[in-house]
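The next part holds the structures, each set out as structure tokens.
After this come two complexes, each holding subunit A, first together with subunit B and then together with subunit C.
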Partner chain A sequence: MQTTRRQVLVAGSALAVAGGGPAFGQAPQRGGTLTVQLTSEQRVLNPAIQASTGVYVMASKIVEPLVDLDAQGEPVGVLAERWEGSADGLTHTFHLRRGVQWHDGKPFVAKDVQFSAMECWKKILNYGTTLYQFLEAVQTPDEHTAVFRFSKPMPQGLLLRALPDLGHVIPAHVYAGTDIRTNPANTAPIGTGPFVFKQYERGQYLIAERNPNYWRGNGQPYLDRIVWRFISDRAAASAALESGQVQFSPYSGLALSDISRLSKDARYTVSTRGNEGNTAHTVMEMNLRRAELAKVEVRRALCHALDLGFFIENFLYGYAKLGTGPIPSSSAPFYVPRSAPYPFDRAKAERMLDDAGYKRPSRGAMRFAQPLKLLPAPWGEYTVNFATFIQQSLREIGVRVEIEARDAPGFLTGVYRDHNFDLTTGWHQYRNDPAVSTTVWFRTGSPVGAPWTNQYGYDNPAMDRAIDVAATELDPTKRKALYQDFVKLAVDDVPVHCAVEHAFISVYSKRLMGSHNTPRWSSSSWHDAWLAPA
Partner chain B sequence: MKRIGGLALRRLAQSVPVLLIILIGLFLLLQLAPGDTVDALLAQMGGGDAAVAARLRQDYGLDVSVPVQLGRYLVRLLSFDLGMSAIYGKPVASVIFERLAVTALFMSCALAFAFSAGLVLGVLAARRVNGWPDTLISTLGLVFYAIPSFWLGLMLIVLFSVKLAWLPPGGFESIGQGLTGLAHVLDVARHLVLPILSLSLIFLAIYLRLMRASMLEVMTLDFVRTARAKGLSEGHVLRRHVLRNALLPMVTFVGLQFSTMLGGSVVVESVFSLPGLGRLAFESVVQRDLNTLLGIVLVSAVLVIVVNFIVDLLYAKLDPRIVAR
Partner chain C sequence: MSPALRAFLRSPPGILGVALLLVVLFAALSADWFFPRDPLSLAGRPLQWPGQNPRLLLGTDNLGRDIAGFICHGARVSLLIGLVATVVAVGLGTLVGAIAGFYGGWVDDALMRVTEAFQTVPNFILLLVLVAVFGSELEVITIAIGLVGWTAPCRLVRAEFMSLRTREYVLAARGLGVRDAGLIFREILPNALPPVIVYASVVMAVAILMESALAFLGLSDPNIASWGNMIGAGRSVLRTEWYVSAIPGVAILVTVLAFSLVGQGLNDALNPRLQAV
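Take a look at the complex of A and B:
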């Protein structure tokens, strides 16, 4: 693992904040309005039917999951107080918190969990439809117990690590008997969380206010109100932060150049801390339908041609590290330290291409008859800049790349449905357990058109076996070992090069206290966040 | 009055084929853009399986062929139904109506400011042609004309919001203050100062130069000499004789530029996060929300037709020799 100069600086300033911030040691203060900037808004605010950070950052303050992750990244109960699993992995029992009320005053009961799991998570929720595919029923022996019955073994660790994202509970009495997708509560959510939905003005803002009856009590939540403002222009967003209109910009919502500038401003904290649970890779995907790329030596050669250290330091301002495989280093339960598999070595890359039969016809000429077509993923600066970087790096080893830029729907169609690409960049979000949304990049069998799956024609039966065995292994230690087989195959075959690992960057006012203290803080409920006086 | 009513009806009838061509053309054009609104939704969600996508396509009516979709749309349009918005999950008409007020207020203010300031500066420049006020005003006009509105907007924000903290950097009103009456009006006005400046300066420059040239031309005409010979004061000549005639090209331009301004407001609304039609149109394209986009185009086309109709009427008012037909 390489540590760059900038990372040391970032880590240092994060420590400085934790140790000597303006309000260190002070008791939390009640009151105040936290204003959050968001780049885009979502069609729904219901995390039980749409799993994405854009929904969580708003809705998870209002609607709560059964389980969240604590400061150490371990599952901790929210609406579930405790749980136990049967030895065969087919039954998981959740004992629910008592005395919790929905915002409309009705009591929270096991029926709500049953309804959310069977009607929303299993049938509608993206990633949930896969995770809960073998969920047969949720039984409710009493009002405060929900028993999940699976037809295939479900590792408890997988379920508990998936639940923070894929386990938000919505009120059955509001949704039952209605069309869940078009229920008005999808944009005016009713939950059990620390903040109560107040007002949503599309294109402008969302307001949620303090829930005085919140079950945690003890004066929580501390904030009076949270306002989310939609500011799509990134330059305008940093101006809003600097003028004091906004106190928090989550999920790398600003331009990287502004993030780097604000990191030197004493009024703000700029850090990836509190986002470790939202780690992603910036990747290069290679279409194996293209004759040259079908050869593994060629794919490896292309990876060796990329000077990723340079890319991280100069394009990403140091807020990233070298990727080592599809499981990121932030995933303590599954990560085994490895070195970056394809260190930069241009001479080696050229030699490998020569050996694979793609010699330069003459000095300075290009190796392939046709240029490689690269579709940059339009997911922001990381993936778009990476495309340019790939183009320039590969030119050095005699491989011409043509870039065809498209917007989101065009990109998804071009890559995942029409397979009309040779190379593409991508943003692979890791969701705390490889079985949630990571192995699907390498397994065969995804229907054509399913976005964020293996659509580049990679087919290795050994890989499919490794993935399937690990997904149903119940013993955590064995499971971790099995996933190392998966990582090794993924790295050796390299249909996808997990080039750069990074967490989202948060930029927030130093007044914002009690924040970024869990690995998925931006997506958590903010019940203990508070604002120090200006 | 009756004549004007008849005229309005005739104009409207004439514009129906134009509107149809615009709508069908846009509909077909958007089919060429790869991906549909379900792809856009999946992009937002960060994933989803194929069965979910198929069901969504069915919900949005995207599972049938393009001619059938177009036919369904036109049939609905006959009953003035613009369909449902995919992004907002409610009728397009109400989505547009919510945004229309913001855009209408914003654009009419910008247009009024550009027009009146351009007029005054143009007259001042023409009166002292080649003098220092003329040089100053013309140079300023050139500078305004050369500055792109998004950059100007950002610079205004940096200066007036970040550095000086005089004006808010964006948004339409202060959030959650519950202001009413005059306080609310002032609050909205404070929020609109910077957007109006950044949208209107480029148009101001155009009007200024147009007004100056037009004034100079009219001032050389015979009837002006006659008016002066009659012994009218210079001010009187300018106001009653020159200005009125010089206004004609300006008014023409307002009609023409109205649609350009609608386009420009897309950028400015994004920079200042104003909840207007321009930003809605941009979002609809990105999210492939066909119904909303067609609705916006329809409303904008009607707006442009109406504005041009008013311009025609104004013509007749300014110059009795011209009769609106």
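Take a look at the complex of A and C:
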């Protein structure tokens, strides 16, 4: 059974590499409706005020960023044609694409970029408020030039890698003078993208139709229409895919057992390709407010108690690998190969707890007076099953864990506002550069209650310094070296154990062509996607 | 041998029910002996089919837990929940029903309006509300299940009391100066109990089902080995490894069936009309 499954996985990835499949080399065909299944909706379709894959997977077909990533993961212009930065890193000039129109017919100009950056990215957008905190002004010397002025050096590489996520441009003429957070365009977006917003029924579907005036021309976009259907029940989602009602399920939207089953079905491609830019870690977070967990030896011991190889092979169907630190191996510009820092060693874990002063009172008894309270992040199988696995593993070394299951709002309040937990699991996403959304988990100073930040009470001045120095270093080589200091500190102090690294899994019909050809394809504009005839 | 017991032993459903119940009881009592490990612990590679590994008789679920051990330990949880919830439901129902039926008048009116208030909300919805408010520890769930199920026994007891309170033996006891409490508990209640005892077996079966339904929705206590928890966990592999949900499902079926059959047997034994024939 074990070998069979592994063989099947290898076969599955080989198929995925072949990619194009039967229609390889065919010319793109115009027309057709692509239906996409989504597990949940965020009720915001404005990527300039909410940074999340759940927003991009729909809105980035309608609203475009200045820059995206190409097939090699290098920045490529979308609404910006080219750019240059000053030597001191304080000024970045973007030359904007000419002849681009908003969906309402008005021309796209530099003022739109200025408005988006100063009013949305800097003031409202999550992660953007940190990234752009030293953005002083965006000047518009003419209609097609936007000059970003920073008061502290901003590395060009960081800015360009952040822009695909934190650089979507919205029309100033729609938003200026209104309350941006409540503007109706947030759920009926107007953009420059290949698809035009048509209809949004909460809890049911979103429809966007082909933009006939799209600036890329050449018959693009090829699809007539995209429909996103919200199907939260995973069993129903796989049924919809198999019955042909849906052609694409992004971001690991199906049950892992169904994903594994469909990987053997010749009608579908099951792959992590095209999601490299959205790598996530399944993590174990430890609340340093709990006396036992405040000791670094105890935290390290708990990490040594987890047989993660077994977990990946058997719980995650092999669709993951061991995490090595907060920067994932998929991040070519910043990753330096390391081994997994806390290999499974139960005897060592027991010894470390003994040495830390937490001996078992008697053979088989539990070490801590009170059990550890574990809140599993309700984001699906990865985080919920990992919680059970932690409970099972820690029991073996004499640490009792009690799981308290909560729904998403209860979890976010319990962990990030009330800090009412000892352990929690989570899903941390890495976005192309550590300064975009990764270092914030380790730095002090995030407001209480802000989700996906450092709320386990980790406070190390050396860490804060390392993060700040690296974020303003202009030389890419030096910057990469500085982030290795950050990784070492994060791994040694281990307030968050980046246990498992995995890309999201896409499941899609082999009819879907021109897809998964960039590292963040599910979040990109799909201008060159097309459907082969059934 | 009392006539009731003899009647019970003559009823085939009753015998079958008791036999099944003994099997479940044996599983519950012997769990620690045959399966000394914590039933929630990792027993081996997840999703091994029953019979594939001689050490794991019924295989493992998708979290690597030994299904056989889980079923035996789960029997304790289910029986415990069934028993305690029934005691709560029948106890409360009997008390309220007895008072309402015995006194009648405005006491009856007031208590029946409260009962109706409970009856207008579907049982399971009320249970979800209670669990959402008070949390999902085993104690809370058990008591909550008891609380949502007390209205039916209450109505039953009330009806019995209303018909019994004017019987001659009750009037005679009253004439002898027996106080209300004595009349309720010593004179009327023993005669009102047979239908309640029969109904209690239904309450017990429903209590077990309710806990399973809660666990299926992921709202039961995740730190205990309950059958519903395993069915809920197995839902995600239903298309491929159906046995993960099916085995605890059969366990629930057997237990609920056992209680229903025992109830049937009790009905045969205690129902005076059937005895007369």
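For the reader, a short list of remarks on this structure follows.
Keep in mind that, in the parts below, the second predicted complex is superposed on the first by the 515 of 534 C-alpha atoms of A that agree within 3 Å, B and C clash if a C-alpha of one lies under 4 Å from a C-alpha of the other, contacts with A are read in each partner's own complex, and residues count from 1 in each chain.
In the analysis below, contacts are C-beta pairs under 8 Å (C-beta built on N, C-alpha and C of every residue); 3 or more make two chains touch, one makes a residue touch a chain.
Every value quoted in this text rests on a predicted model; they were computed, and no experiment measured them.
Three-chain overlay on subunit A, with subunit B and subunit C fitting side by side and no clash.
Look at A:Ala235: by the touch rule set out above, it reaches both subunit B and subunit C. Counting the residues of subunit A that each partner touches, subunit B and subunit C differ, and the larger count belongs to B. Residue contacts after overlaying the shared chain place A:Asp258 against subunit C, while subunit B stays out of touching range. Once the two complexes are overlaid on the shared chain, A:Gln392 sits against subunit C while remaining clear of subunit B.
Of the two partner chains placed around the shared chain by superposition, subunit B is the only one that A:Gly449 touches, whereas subunit C remains out of contact. By the document's definition of touching, neither partner reaches A:Gln484: not subunit B, not subunit C. Applying the stated contact rule after C-alpha superposition, one finds that A:Glu201 touches subunit B and leaves subunit C untouched.
Once the two complexes are laid over each other on the shared chain, residue contacts for A:Ser52 go to subunit B alone; subunit C is not touched. Touch criterion not met for A:Asn517: it reaches neither subunit B nor subunit C. Between subunit B and subunit C in the chain A overlay, the least Cα distance found is 5 Å. Residues 235 of subunit A contact both subunit B in one complex and subunit C in the other. Listing the residues of subunit A that touch subunit B in their complex gives 33, 35, 40, 42-44, 50-54, 124, 126-127, 129-130, 181-182, 186-187, 198-199, 201-205, 207, 225, 227, 229-233, 235-236, 239-240, 242-245, 406-414, 418, 429, 437, 446-452.
Residues 33-37, 39-53, 59, 86-89, 95, 98-99, 153-154, 157-158, 161-162, 165, 168-172, 175-176, 270-273, 275, 279-280, 283, 286-288 of subunit B touch subunit A in their complex. For subunit C in complex with subunit A, the touching residues are 38, 40-42, 45-49, 52, 62-64, 136, 218-219, 222-223, 235-241. Touching subunit C in their complex are the following residues of subunit A: 1-2, 234-235, 238, 255-258, 260-261, 310, 314-315, 381, 385, 388-389, 391-393, 395-396, 402-405.
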